[in-house]
């Protein structure tokens, strides 16, 4: 009985969706074109995904899996046109095999290409060890490049404003208090994250202050997260009301 | 009383949906004053002389489109109206379609031509390495633009060798790219940096605003709405502030109501 | 063999790490050229990583189809979506993939009308769950959670235009929360994470951290 009712809900919803689209196309609100059908497809997927809110169902799963497949295809094609073609195929492969090429092949590109192919050998049982060379190159390079830049951009640049003088002329009493509060907050949060020292006595009190700062910060983050997720929903409903039904301008 | 806490969550879903639809359909004006971080970006663009180079990093994909695309559009309006040269690129493979759509649609409204007034360089993998590569030599990082044109021949890029010559870089970020631009780009190549980000990331950016590593920030749809209002191009972000306000109030009522029931039932 | 499998990777990581860390302090043309070349190589290698992700995803769904696990039929749609997108992408509006990318093709259509709406919608679903969670579980059980709750409520009101209507102080307090306690906590976290990142980088360079080598000998 319940299966029947689910079936009727599904068929009824699809029927209603088809009727609305026929009406929209007949009335000229949706163009009878590729773009018009594109909007219908987009709306169909949007509604199929929202149907999950009622309960998990095949329409949602189909939309979700189709999205994953198309995204994967798009990523591969964009990677070809934006990366492999201009960075490897055009400067290396084409000049090597085409007599009409005007530029000499950039043979140096063979090295990163080989390292890239070594990385793909991760899936080979016999040769997966070669991928370690690539990972070592990438990880070593990343570590070396990061150390001076992180020290400069995140540690020194972030420490500087925290150590701003409380009174250097022209501040209000509030901004001076805020300067002290920020310093207190930064130190107490850092102390809270030091787990190698037992949080007792002064350390315990300071780390407790750190927790309060963190809680206010998490509250702010929660507020912003609500805001962000709602913005996405508002955007989708604007799409339905404006691009599909033509209610919004 | 406790039964009220266990209501079918679909009732909550329905309330939210209806609130969004009604507040979108009913028209009422809300003031959208610009905040300091948003003004930081606006003033920077106003201060740039004609022909200055602005780079936009479209570092987002469809998942964050509803927050960041309105920002991109409003910011592009401002740049093209001020006759600035715009260069677009992205770290996200899912972004090129959205970036291209935003750039071409706004550029057409100002009769700007690709290659002369603006360029879209497309997507490249590499993240930090890509930024360093751009910082050392832009043409080594992007030998071709999104459409396959040789970048060395693009008039819009004249006078630009690397990130050092960029007058302002604006990162529209859905992930951690702002930090990457700061550490691997701005730190060494010393360009002015501003950002637009999803609301979820907004609070994490405040340390960079105070340290002036970011000269301004558009946070979430609210930031986009403020920018739309500033440039006089009220669009989906400004309209979105109506349901945003209403639903925030509803959620706060939910929280207060839920807590009242919780404490009453605890007694 | 052990030398090729273990020692060489450790040497590569050490040499690259030391070289690139030192490079930062040497503003010589040679040093800058090295940085340009190496950063280009690194981003080319990163491009290949896309195919690792693609293979993993397709392999996962292929296994589901092959073993006919529950719901395997949905995995067929992953292949269907990927194959039509790849087909139209390589077809490139009839100009084929070895030419520059054409505009306004079926490939773009699939992006604008499948990937964009579906991607944006999937993530917007969280709005409903966060609203439901706010009602059902967001409780002022302890002093700390009360502080969190109050901060969240003030920020939520202060960050939308309606907050101005209720009281002009709400946006001001929200601004203060963001610019003082929030900033301090986020800076503390940032400094902590940065110190951790530097320590990990040093461990990698000196071969103490070897997890990137993976398992096996």
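Chains here go by letter, A, B and C, matching the order in which they are written, and residues are numbered from 1 within each.
Methods note: contacts are C-beta pairs under 8 Å (C-beta built on N, C-alpha and C of every residue); 3 or more make two chains touch, one makes a residue touch a chain.
Fair warning: this is a prediction, and the values are worked out from it, not measured in the lab.
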Most centrally placed chain, judged by C-alpha centres: A
Dominant interface by contact count, named by its two chains: A-C
Chain A and chain C: spacing of chain centres that average the CA atoms, whole Å: 5
Separation of chain B from chain C, taking each centre as the mean of its C-alpha atoms, in whole Å: 17
Centroid spacing, where centroids are CA-atom means, of chain A and chain B in whole angstrom: 13
Of all residues in chain C, the ones touching two or more other chains: 40, 42, 44, 46-47, 49-50, 100-101, 111-112, 115-120, 122-124, 127-128, 131, 134, 149, 152-153, 156, 159-160, 178-179, 182-183, 186-187, 190
Set of chain A residues in contact with two or more other chains: 53, 71, 74-75, 79, 81, 83, 85, 87, 141-142, 145-146, 149-150, 154, 158, 182, 217, 220-221, 224-227, 229-230, 232-233, 235-236
Where chain B touches two or more other chains, by residue: 13, 16, 64-66, 93-94, 97, 124-125, 129, 132, 146, 148, 203-204, 207, 210, 222, 244, 247-248, 251
Contacting residues of chain C [partner chain B, same complex]: 32, 35-36, 39-40, 42-44, 46-47, 49-50, 99-101, 103, 108, 111-112, 115-120, 122-124, 127-128, 131-132, 134-136, 138-140, 149, 152-153, 156-157, 159-165, 175, 178-179, 182-183, 186-187, 190
Residues of chain B defined as touching chain C within the complex: 5, 9, 12-13, 16, 30-33, 35, 61-66, 93-94, 97-98, 101, 124-127, 129-130, 132-133, 136-137, 140-141, 146-148, 203-204, 206-207, 210, 222, 241, 244-252, 254-255, 257-259, 262
Residues of chain A that touch chain C when the two form their complex: 34, 38-39, 41-43, 45-46, 49-50, 52-53, 58, 61-77, 79-81, 83-85, 87-89, 108-109, 111-113, 115-117, 119-120, 122-123, 128-129, 131-151, 154-155, 158-159, 162, 178, 181-190, 192-193, 210-227, 229-230, 232-233, 235-236, 239
Chain A-touching residues of chain C, taken from the complex the two chains share: 4-6, 8-10, 12-25, 37-38, 40-42, 44-55, 57-58, 71, 74-86, 89-90, 97-98, 100-101, 107, 109-128, 130-131, 134, 144-145, 147-156, 159-160, 176-192, 194-195, 197-198, 200-202, 204-205, 212-214, 216
Of chain A, residues touching chain B in the complex: 53-54, 71, 74-75, 78-79, 81-83, 85-87, 90-91, 141-142, 145-146, 149-150, 152-154, 157-158, 160-161, 182, 217, 220-221, 224-238, 241, 247-248
